[in-house]
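Listed after this line are the structures, all set down as structure tokens.
Same chain, two partners: chain A is paired with chain B first, then with chain C.
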Partner chain A sequence: MTVHLTRGTQPRPGHRRVTALLGRHPVGLALMAPYAAYLLLVFAYPFGFAVWMSFHDYFFAAPGAQVERPFVGLENYRTVLGDPGVRQAFGNILVFLLINVPLTAALALTLAVALNQAIRGRTFLRVAYYVPYVTASVAVVGVWLFLFSSDGLVNTLLGPLAPDPSWLVNETLAMPLIAVFVAWKQLGFFILLYLAALQNVPKELYESAAVDGAGAWQRFRSVTVPAVRPATTLVVIVATVTGANLFTEPYLLTGGGGPNGASTSPVLLMYQRGLEQGAPDVAAAIGVLLVVGVVALSMINRRLLERS
Partner chain B sequence: MSTRTLGAPETAPAVEPVARRRTGTLGRVLRAAALTAFALAFLFPFYYMFIGSLQAEPDTSPAGAFPTGGLTLGNYREINAEIHLLRSLVNSGIFTGGVILGTVVFGLLAGYALAQLSFRGRGALFNLVLLVQVVPFQLLLIPLYVLIVRGYGLADSYLGMILPFLINTTAVFVFRQFFLQLPPDLFAAARVDGASELRILWSVALPLVRPALLTVVLLTFIGPWNEFLWPFLITKQTDMQPLAVSLANYLSNVAARAANPYGAVLAGACVLAAPAVALFVAFQKHFTSTNIGSGVKG
Partner chain C sequence: MRRTVPAAFLVLSLGLTAACGDGDSGTKADSSAKGPITIWLSNNKEELAWGKAMVEAWNGQHADQKITAQELPAGKSSEEVIGAAITAGNAPCLIFNTAPAAVPQFEKQGGLVALDDFDGAADYIKQRTGAAADQYKSPDGKFYQLPWKSNPVMIFYNKEILAKAGVDSENPPLSTYDDFLATARKIKSSGVAPAAIYPAPSSEFFQSWFDYYPLFAAETGGKQLVENGKAQFGSPEGLRVAEFWKKLYDEGLAPKEKYNGDSFADGKAAMAIVGPWAIAVYGQKVKWGAAPVPTSAGKPAAEVKTFSDAKNVAMYSACKNRATAWEVLKFATSKEQDGALLDATGQMPLRADLPSTYPDYFAKNPAYQTFAEQAGRTVEVPNVPNSITIWQTFRDAYSESVIFGKRPVADALGDAAKKVDGLAGQR
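After this line comes the complex of A and B, so read on.
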């Protein structure tokens, strides 16, 4: 076997040049080709196209028609920033993220720690926490509409304490409610991430903390939280990116971002401006601004979280 | 971590005995109570969805959540008359099946190449894969719409629906992670015997990563099956719409006209949720942190 292997790894003279040029297994390039083509076609090219579009006067023309699409500099960005609807949508998504992201990270970590220690009923608990994550948003939106309608179960239970106007038609409450709803929906996935991180926490740390007389809460604060910090960074960034993608919930729960645009999200606005009102260049500019915002937020979060 | 010990860390207690003894009985009872309370809060909307789909009249009183009789399948008939459930389910199935097929075939090839083969540009390609995970889909929405609908004329087609999701990047990571755990000697020996890479992949590698295959299918399934925004943008013909889209359109346009709109919507929601939930419950062992966490972290 060893002899064979040595002979096998020594390139024959004719192959030496190919090896130098393409590596030991040039066939790898062929195996990667479909995926690489997919990445270029569906991600890299549209990405460049979006940025290009946001600097040009782009509009939908009849198929096959040759039309001029002049460079307009920052014109589209001026339109976007001067639009109060856009500013409101970005404000809304900020409110959403401020509620959704900390809530998600805190609940996911707490439940993951508890789940990690629970012995009985672990399968049942895991299934319960993950089920909302594997279910379609459109399906769970149906039951949330039913629960939170003005004469729904939640208001019936609250009786005189029910908010007026009701949850989804209340300008102050609509967006926070959507933030809580999305946290509930996505929590299972983030619990999964934390569970993976918890497997790697050295047990000796808990041992020495226990020897030092640390209680459960102190062990959680001084051992668990610092040990899973890299996972927290990941959770916060993924939750921010997912949250910035918000579309289905405001589109369906609040009838397209209502009341009075109080729950409009930037992606919903991209759909309305770009496809309903036929201004894809403006929509592309909203997209670029949104991505710049998300990247900036992620970098700030990372800085804050990795500072020990 | 070998393929045989997958999921094992989840069943092994993570806290050693000293710490556990200190938690005490009261603490454990409290923790169990809190965990169960949360679990019920997570499950209640699903229970309510199901019960609501069986009630002829919406009953929003607390007692209405626990009806003693009068359950009916009328809501399912109602929603079926409005959106043709079977047709929508078939569309969802083709959309999802196409994505799973593309992900398994091309993702397997890519995962194997990234983990076990050395070729020029592998590092650069892997960096590209990492980069793609950071590009948010919302930025690509408009250009993809322009390209696929206006450029290639793929509106109202399965191909147009599938294309942006054809290969699930998380699945590529999961495959790569599994292949990294296999000893390279295994493949070197097969190569010496003169087997081609495709043959090695098919008869040596594939049987060894069967657990990964199931994880990938589960993981990939929930993407397109639950996806709303993209198929919503590109399908205008109702007979091409996946169930998530036709149900959402019913919800936002038609529901107001129905006798019991909530009942019909909840019936549709149950039909949409059932396959994903059933698959997940049946195979939940494969949906563990070890399987997927490693993939997500790269």
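After this line comes the complex of A and C, so read on.
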């Protein structure tokens, strides 16, 4: 045994060089390589390309076309930051995130706790919450158009209490409505994350809290919430990242970011500027600013949620 | 390590990017090369049927220069798909659905072939289309598109709804703005339809082609949105058109919320702004009539201009066998094929003197005669740099002031005109 240990701690010089180069577990590197290659190709390269584009006068050209793409420094960023439409889009997405992320986390946790109990129809309910998540956005948007248009079901039920202008053409309500729509649509996925986290909360904690006289609310606040905090961090960060990439809903639900730009998102603007209007350099600058904003928000979220 | 790995990724990707940034392959094609070619057709059912028949006719006579026809691949818009194909270098030789508004962008991408490269091409285009062909020339004086067919837009009205509202359904008063507004108010107040007219109030750049622009063309006697590098919509005529639409929105005669369906077919609107394609679509469902778009003073119908809603054919630079492509282009726009297109789709080939070229067709289909006459008085979108950005800039200002009334019309359109002047002046 001793001999083995001694041999193990004093590897041959050749082996030492391999270890220095590839680490103590070279097989791990081999296993990691496919994902690293995927990451490099699908995320890092396009992102690097986008950063490069954002500093150049860039447009898409046919192979063989003689075009100049000079370095323009911060010109694209100046264009973007000086555009009131872009500033409005970033403001809109902030409103969206402020409503969507807390709503998603709160609803997902509450429903996960409910679905974790031995209630009637639990499997049906779990599936029911998951169905919107796996249904194509286009189809679900159609249902919400039916619900929230001027003469839709919701306004019919509300009668004189229906907002005027109606939901989808109301500058104050359009973005909050989209935030609620997205929260509802993605709820199934986040409930699933919380359900997995709830499986790992020791029953003894609830039992001892009950023995100490804690009621249902106190048990939820003092046991469940702290126990699923890592899941909450994940939910908040994922909801922030997916929410910041909002496109389909303003494109379809409010007719291209309407009314009057009140639901335009930065990604919708990137589509308009980059693909429709042939200015991918400006679109890339919007994208880079969005990435910086999302990373900053995610770091703040993480700090706040993992503080204790 | 936690920081060095992402940093390494970034540096590597930037390196790759810099290495690939100027990846021009330098492929050039010869304008005399002949051989098989590929074309894309619109996925409109009638147009597709015409295209297939045309291809069959060509292939029957040219075994060594066969055409392979495909439907335009699906995407959010044709322009997006074509732009991607240009960048990827796999665009076909010809696309029979090229929007004039997208031509400046495709040209900037190096994606189009100047048709003037072919002997007699400019003469062929001018002879076929007449003076209207000049609207399709690019700023360098060349044709990068062949004017193919138009869908001149007019006011379509539902005779039954108008009659129920107490309006003369055979000759409804729609020629002046005052007449049009009075008719619209009657329709709305009678409750027979929720809307008098229902153009899409959404923000897409092209929506102005079906509300503001036809009336602008009519009011100005045929001006384009931008002329000589200057925006024209800030003029008194341009503002009059905008104020007219604003009244329709303010009074609820035109709704501010997008209708998810066909408001005219569903009886939700008494009128619509449409092209001749509507005859086939609504012919059986609605008892319809057609009138020119209104002008403030009520110009005689024979003087009213409108938006063409044309779709053209362009040759793409990825094409190898360009001589064949040019011959196909002439074949597909010959008198015989234009007649077949008219017969199959009801869309108007962009030919000078259309009614006299196909008298039998119009005698047999009198409903199309009005549109054929209107086809001789159409205005195209301006062929200027940043065309799409210009339309989006206009649409945003129009939404803000005309549809949603957040700013005075003159202020919003005045600011947009300044931006457009700058955009049109760029290269």
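In this text, the second predicted complex is superposed on the first by the 266 of 308 C-alpha atoms of A that agree within 3 Å, B and C clash if a C-alpha of one lies under 4 Å from a C-alpha of the other, contacts with A are read in each partner's own complex, and residues count from 1 in each chain.
Note that in this section contacts are C-beta pairs under 8 Å (C-beta built on N, C-alpha and C of every residue); 3 or more make two chains touch, one makes a residue touch a chain.
Keep in mind that this is a model prediction, so the values were computed, not measured.
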Partner chain in contact with A:39 - chain B first, chain C second, else both or neither: both
Greater residue coverage of chain A in the superposed arrangement, chain B or chain C: B
Chain B versus chain C as contact partner of A:98, first or second or both or neither: neither
Partner chain(s) touched by A:225 [first = chain B, second = chain C, both, neither]: neither
Which of chain B and chain C A:49 touches, first, second, both or neither: both
Which of chain B and chain C A:18 touches, first, second, both or neither: neither
Chain B versus chain C as contact partner of A:145, first or second or both or neither: both
Touching partner for A:272 - first (chain B), second (chain C), both, neither: second
First (chain B), second (chain C), both or neither touched by A:74: neither
Which superposed partner A:296 touches (first chain B, second chain C, both, neither): neither
Intersection of chain A interface sets (partners chain B, chain C): 39, 44-45, 47, 49, 60, 63, 142, 145-146, 149, 151, 255-256, 271, 275
Chain C contact footprint on chain A (complex, rising order): 39-40, 44-45, 47-49, 51-52, 56, 59-67, 69, 85, 142, 145-146, 149-151, 165-166, 168-169, 171, 255-261, 264, 271-272, 275-279
Chain A-facing residues of chain B, complex: 9-11, 13-16, 18-20, 22-23, 27, 31-32, 34-36, 38-40, 42-43, 45-46, 48-49, 52, 58, 60-62, 64-65, 106-107, 109-110, 112-114, 117-122, 125, 128-129, 132, 134-147, 150, 153, 163-164, 166-167, 172, 185, 188-189, 191-192, 197, 201, 222, 225-226, 228-229, 233, 244, 247-248, 251-252, 262, 265-266, 268-270, 272-273, 276-277, 279-281, 284, 287-290, 292-294, 296-297
Touch list for chain A against partner chain B, complex: 1, 4-5, 7-9, 21-29, 31-32, 34-36, 38-39, 42-47, 49-50, 53, 60, 63, 111, 114-147, 149, 151-153, 155-157, 184, 187, 192-193, 195-199, 201, 203, 206-207, 209-211, 215-216, 219, 234, 241, 244-245, 247-248, 251-252, 255-256, 266-267, 270-271, 274-275, 280, 283-284, 287-288, 290-291, 294
Chain A contact footprint on chain C (complex, rising order): 9-10, 12-14, 16-18, 21-28, 76-77, 79-80, 83, 86-89, 91, 105, 108-111, 194, 200-205, 255-258, 260, 317-318, 386, 388-389, 392, 396, 399-400, 403-404, 406
